[in-house]
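For clarity, chains are labelled A, B, C and D in written order, and residue numbers in each chain start from 1.
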Amino acid sequence: MTDATAPSTTESILTSTARDWSSDVTTFKGVPWGKAMMWIFLVSDTFIFTCFLVSYMTVRMTVTDPWPNPSEVFALAIPNELFGWQFLESPIPVPLLLIAIMTFVLISSSGTMAMAVNMGYQRNKKGVVLLMSATALLGFTFVAMQGYEWSKLIFEEEVAPWNNPMGAAQFGSFFFMVTGFHGLHVSAGVIYLAIIAYRVGRGHYDKTNFEIVEITGLYWHFVDLVWVFIFALFYLW
Amino acid sequence: MATAEIPYQETVPLHHPKTWLGKYVFSQDHKVIAVQYGITAMAVGLVALVLSWLMRIQIAFPGFLEGFGADEYLSSITMHGMIMVIYLLTAFLLGAFGNFCVPLMCGARDMVFPFVNMLSYWVYLISVLVLLVVYPLMLFTDIQATGAGWTLYPPQTITAGTPGADWGIVLMLASLAIFIVAFTMGGLNYITTILQARTRGMTLMRMPLTVWGIFIATFLGLIAFPALFVSAVMMLLDRLIGTSFFMPAIVSLGQKLEYSGGQPLLFQHLFWFFGHPEVYIVALPAFGVVSDLISVHARKNIFGYRMMVWAIVAIGILSLIVWAHHMYVAGMHPAFGFFFATTTLIIAVPTAIKVYNWTLTLWRANIKLTVPMLFALSFVLTFIMGGITGLFLGNVIIDIPLSDTYFVVAHFHMVMGVSPILAIFGGIYHWYPKLTGRMLNDTVGKIHFYFTFVGTYVIYFPMHYLGFVGVPRRYYETALGGHFPDWYPVSAHHLNIFITIAALIVGAAQMLFIYNLVHSYFKGKKASDNPWGANSLEWRTPQTPPSHGNWDERLPTVHRWAYDFGVPGHDTDHIPQDVPRKESA
Amino acid sequence: MLIAAILFMVVLGTVIFNFMSPWTFLELGSNWALIDFTVLVTFVICGVAFVILGLYMVWWVYKYRYVPGRLAEYEPENPKLEARLTIITTIGVVVMLAPGLVAWDQYVRVPPDATELEVNSEQWKWSYRLPGEDGIFGFAHNKYITFENPMGIKDGDPYAEDDIIITSQTVKIPIDRKVKVLLRSKDVLHDFWVPEIRAKMDSVPGMVTYFWFQPTLLGEFDVLCAELCGRGHHTMRGEMHVVSLDEYETWLGAQLTWAEMKAGAVPLSPQALQGRSIAESNGCFACHSLDGSRMVGPTWTNLWGSTVQMEDGTSLVVDEEYVRESIAEPDVKIREGYGPEMVAAELTDEEVAAVIDFLKSQVQEESSEQVESVE
Amino acid sequence: MATEGQQHPIKIYLLVWALLFVFSAISYASDYMDDGVIRTSVILLFMILKAAAIVAVFMHMQWERYALIFAILLPPLALMVLMTLMAIEADYAWATRVEYMGEPIAPEPKPPPTHRH
C-alpha cells in the first residue's frame, strides 16, 4: 500500500478490490468522507426511485383500463402567430416538445455542473460560483417548466392524480407522484447549489478544499440520471 | 501493512459545547446520542409492553377489560408490532448499539458527521412523538390508532371497516416516513464511519463481529427502508387524495368507493421487500453482539471468525431475495412459491453455521457465567427454537396450514422478539460499565435473567402448538359466545390463560431491570477500565467512561483481531487488539 | 451451575411437552396428506437438531465452566469441521425442501377434473357461487355490484344465467370430489380457511386467487377468515359441510340460479327502498344480516315487532322508540350476547322512518323460529 | 492524492456533454417510430447509454477504484430481481382480471381532449 490511490494497471480488478476492502483505515481509498457518504446516500435514493418506477410498471401492466399515449398527452403545439405576426397557417402539434426541451435543459445543467467541479479542483473560485449559479438557474428553469407542464395537464387535459378522462386513473397518479418526487429533488438541489455557491464565493472553503463542489455535483448528476429513466420509461414508453 | 504511509486521514472536527444543554441534550457525542436513542427506545418499548398486557388479558379473559373492544384490540396489535419492530428493536440495535459501538470499536473519535448524527436522534424522537400522539388524541377526539396490523395491508388499512382508517393510519405512515429519514441520517454515518474512519491496523477482517453485524444491518436498512418509504407515500396518497395505487374497485360496507384498477399485492411485495431485510436488520446486530459476548465471557476465541463474517454477508445478500415467503398465501403468482421456498431454505445454511459456531466456541472454553453470558447462552437456545420454526414457515407447503395462526406469532416472537431482546439485555449488562463507569447489580441481573429467559420460553414455546391446532392470530375473541370449536378447544383456552399469566409476570420482571439501570447508575460498584477482560478497542479507552473524542491525542493502533483469548505461551488469558505482536510473543 | 440445569430442563421440557401435548393438527379432512408428511419430516429433522445442539450446549457449559488460571483451547477455526457441518446442514435442508416443493407443485396445479366453487368474501361474511350446468362462471366485477346483484355479475353474460348464488354462509360440497376454490373479495383481503382441509388462500380484491382440495372426511367444518380484515375479523365464520353426493344433490336443487334470483326479487315499496339505501350507505349491513344469520350485530330479519332479550335481563318489543334510540345511542341498550360495537348513526327523523319501513318489509310471515339459528 | 481529486481534461466533459445531446435527440426521435421491438430497444439502449455516460464521466465513476464501483453498482442488482418478479406478478394479476372479470383486453385509450389546442 505504497500509494493508496494510484490507479493500478498491473493488478486485476478482483485483486484491487480485495486489497482495498482488506486494508485498514479507509476502504474507498482517496475518497473523502463526505463523498463516500453521498455515494451511499445515492444508492439508497436509487432504491427509492426504482421502487417508484417498479410500482409504476406493475400497476401499468395490471390495469385493464386503457393507458393514454404520453406522446399525444404531452404534445405541445408550435403557435402559428406571435405578437400578431402570423407565420404559419395553423399551429403544429409536436409530441413531447416541452419534455424534450426540459431534457435538454437538465442535460445542459449537468454539463455546467461538471465544469464547475472541474473548476473547483483548479481552485478557480470565480469559475465555480459562475458555473454553479448557471446550474442552479437551469435547474430552476426546469422546475418552472415542470410547473407549466403540470398546470397544462391539470387545467387543459383535466388530469388529476385521482382522475384521468383518457383512461386509467393511475396514469395521472404516477405522473404527478414520480415527476413530483423528482421535482422535489431538483428543487432541493437548486437550494443546495445556491448555498454551496454562496459559501464558495464567501471563501468558506479557501483554507480546506473544494471537495464539496464535487459532492454537490454527484447529487446533481444523480438528479439528471433519474430524469433519464423517467424520460425513457414514462414519456417515451 | 505499512500503516505510516497512509497519505490522507481525515479527522472529526469535535464540537465541544460549553452549556449543559449542549453537552447532554443537543450533544454531538456519539455516546450521548446512543444513550438518548436507548432511553427513548426503551420508553416507547414500555408502551408496547403495556399494550401486549392488554391484549393478553383480552385473549385469556375476554370482556374483563372494560372499554377494550375489537377496535382497541386491533389498534393495540398494530401499535405493539410496529413499536417493537421499528421503534424499539431497530432503534435500539442500530441507534443505541450502533452509535455506541461503531466509533469505539473501530477506533474513531466519533461518527464522521456528528451533527447529522445528532439530527438523526432528534428526527427519530419526532417520529416517536408523531406515532404516540395518537393516544392523547384518542382521549379527546374520535381519532383511533390504526388497527390494520403492523403489515398495514391495503385495502383494509384505509377502508371504513378498520379502526383508525381515517387518521390513525395517516399518523402511522407519517411517523414511519419520518423514522426512515432519521434512520438514513444515522445509517449513512455508521456505514461511512465503518468504511472510511477506522483506526490504523483495523482491517475489516479484524473488526469485532458486533461491528460487522451493525455494518451489514445498516446497509440492508439503507436499501430496504426505501421500499417502505415508497409504499408509505403511495398509501398516503391513496388515503388523502384518492389515487388508486393499491386500491381496486371496492364495495366497502355497502358503499362503492371511488377507487379502481389498483393492485393490493404490490403493497405487500414492497412492504416485504423492506420487511424481510428488516428481520435481519434486527437479527444481524444481535448475532454480532452475542458472538462477542460469548467469546469474551467464555474466554475463548470465537470459533470460525471468517465463516461468521461471511455468514453475515451471505445472510445479508440473500435476505434481499426471500421477501415473498411472507406471502405464500397472499394469492401471488403460483410459481413464486418454488423460488422463494428455495432461497429461504438456502438462507438457513449460513444461519445454522452461526449457531454451530456459537456452540463450538463453548467447547474447551473457560466459561465465566456472568450475567451477559447468561443472556448470550439463552439467546442461542431461543434462536435455535426460532430458527427451526422458521424452517417450517419458509417451506412453502408447510406455511399453507400454519400461516396466520399462532404458530407464526410464536415463531417471530422467538426469533425476532425474544432473541434480539435477550441480546440487547446481554449487551447492556456488558457495556454498561464502560458507558457509566459503574457495574450493574449482579444478583438483580440474575433474577431478571431467569425470569426473562424461562418466562419468555414458556410463553412462546407452547404457543406453536396452538398454531398446529389452528387457532388464528389477530382474533379479538376466539370462543364466540362461550362456544369452543374444534380448532379452539377448551384446553387451548386454558393454555392461553397460562400464557397470559406468564406474560404478566415476565413483563413485571422487566421493572427489575429498569430499577437496576437507575440504581446502579448512582450506587453501583465502580467499574475498572476493562472489567470483563475483553480485547476490543472500546475497553482500551484512556478514561472510563470515555471522554468526548474517546481517545488521547493518538488514536490506538490495532495489531490483531479482537479474539485473542487463551493464546498459548502468554501470561494473561487475553491480548487486547492494540497490543503489538512482538510484545505478546 | 444453575444455568446448565435450567438449559437442560428447557431442552428436556421441550421434548416432553411435544410428546405430551394434546394440541396437534386436527384430523386431516382432505387429500393433503403430503402437507402433514412434510411437516413430520421437518419436525423430525429440526427436533433432532434442536436436541443435539441444546444438549451439547448444556454439556459444554457444565464441563468447561470457569476455572481460574486455566486457558481455553486456542483454535481460531477448523475448516474441515465447518465444511462437514455445512454439508450436513445442506443435506438436511434439501430433505426438508424436496417434499415441500413436490407438494407445492401439486397444490398449484389444479387437476382438470376438479369442479369449481367460487367463494365471495366481504366484511364480514362469506357467500358462494357455483358455475351451474354449463360449468362456466359468468364474468363478475366489483364495479357491477348493487344490492340486487351482490356478486357483481356482468349484465348480459350468457354464462351467468345458470350460475348458482348461495348467499348463506354455509356451503355444502360432496365428499371425494375435487374442488377448485376461486376466491374473490368485495372489499378487503380475506382468507378462506378450513383447518381440517389444511389448504388456505387469501382473497384479494381486484384479482381472483385459487387453491384446490379433495374432501375425504364427512362432517361440518368451520370456515375461518385467516387474514385480518377489520374489526369484525374474528366473527367472520362460515360453514362447510362435506356431505354425501345424494345429500349434495338435494341441497343443490334447492338453491337459486342467478336467473331465478333476478326473476324472484320481491319488489319493495319506495319508502322501504329508500330505507334500504340509507342503511346501506351507513354500513349497517356490515354487522346486521338480512338472512337471519348472526353477525357482529343482530339480524334484521323478523326483527321488527319481535320480543328481544337485553343484556341486563329485561326484554322489550322492537318498536319505533327502541329503533330510534338504538340508532342514535347504541350503547344504551345492548342485546344479550352482543357487544357494544355499534357506532351511532346520525339520521334525520324521515330517514329513520324509512329505515323502519325497510325493517317492516323484512318480517317474513311464515316463521320466526329461524331467527338466530346460526350461532 | 485526494487533495488533487478528480481532475480531468475539460475536453472529455465537453465530448460527453455533446454525446448526451445526441443521445437525447435520438431518444426523442424514437417517438416518431412505430411501436414495436425496435422502438423499445432504441428507447432502452439510449436510456442506458445516457445513464452510463453520466455515471461514468460526470460522476467520475470511471476514475474511481473498483472497490467503490462494485460497492455502488452491485446492490441495485436486488432491484433487478424485484423488477423481474413484479413484471411476472403484474402479468398474472392482469390475466385473472381478463379471465374472470371480463375486462377488455388492451382497449384503445381515448384521445386527449383536442378542443383547446
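In the analysis below, a contact is a pair of C-beta atoms (placed from the backbone, for glycine too) under 8 Å apart; a residue touches a chain by one contact, two chains touch by 3 or more.
All figures in this text were calculated on a predicted structure; none of them were measured in a lab.
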Determine which of the two chain pairs, A-B or C-D, is joined by the larger number of C-beta pairs in contact.
A-B
Measuring from the mean C-alpha position of chain A to the mean C-alpha position of chain B, what distance in angstrom results?
35
Taking the mean of the CA coordinates per chain, how far is chain A from chain C in Å?
49
Chain C to chain D: how many Å between their CA centres?
44
Taking each chain's centre as its mean C-alpha position, how far apart are chain A and chain D in Å?
13
Residues of chain D whose C-beta touches two or more other chains
1-3, 75, 82, 86, 89-90, 93, 97, 101, 103
Residue list for chain C, restricted to those that touch at least two other chains
141, 206-207, 209
In chain A, the residues touching two or more other chains are 3-5, 21, 27-28, 30-32, 36, 43, 47, 51, 58-59, 62-65
Pairwise touch network: line, ring, star, complete, or other
other
The chain pairs that touch are A-B, A-D, B-C, B-D, C-D
Would you tell me which residues of chain B are touching chain C in their complex?
69-71, 74, 147-149, 153, 155-156, 159-163, 248-256, 260-265, 298-301, 303-307, 329-331, 334-335, 337-338, 341-342, 345-346, 348-349, 352-353, 355-357, 359-360, 362-369, 374, 377-378, 380-381, 384-385, 388-389, 391-392, 395-398, 400-401, 403-405, 450, 453-454, 457, 461-462, 465-466, 468-470, 472, 474-478, 480-481, 483, 485-487, 489, 491-492, 495, 563, 565-568, 573
Give every residue of chain D touching chain C within the complex, in rising order.
93, 96-97, 99-103
For chain B, which residues are in contact with chain A within the complex?
1-3, 5-10, 112-113, 184, 188-189, 191-192, 195-206, 222-227, 229-231, 233-234, 237, 241-245, 258, 260-263, 266, 269-270, 273, 558
Under the stated contact criterion, what part of chain A meets chain B in this complex?
1-5, 21-28, 30-34, 36-37, 40-41, 43-45, 47-48, 51-52, 55, 58-59, 62-65, 161-162, 168-170, 173, 177, 181
In their complex, what parts of chain A are in touch with chain D?
3-7, 13, 16-17, 20-21, 27-32, 36, 39, 42-43, 46-47, 50-51, 54, 57-69, 71-73, 75, 77, 91, 93, 95-96, 100, 103-104, 107-108, 110-111, 113-115, 117-118, 121-122, 156-158, 165-167, 209, 211, 214, 217-218, 221-222, 224-225, 228-229, 231-233, 236-237
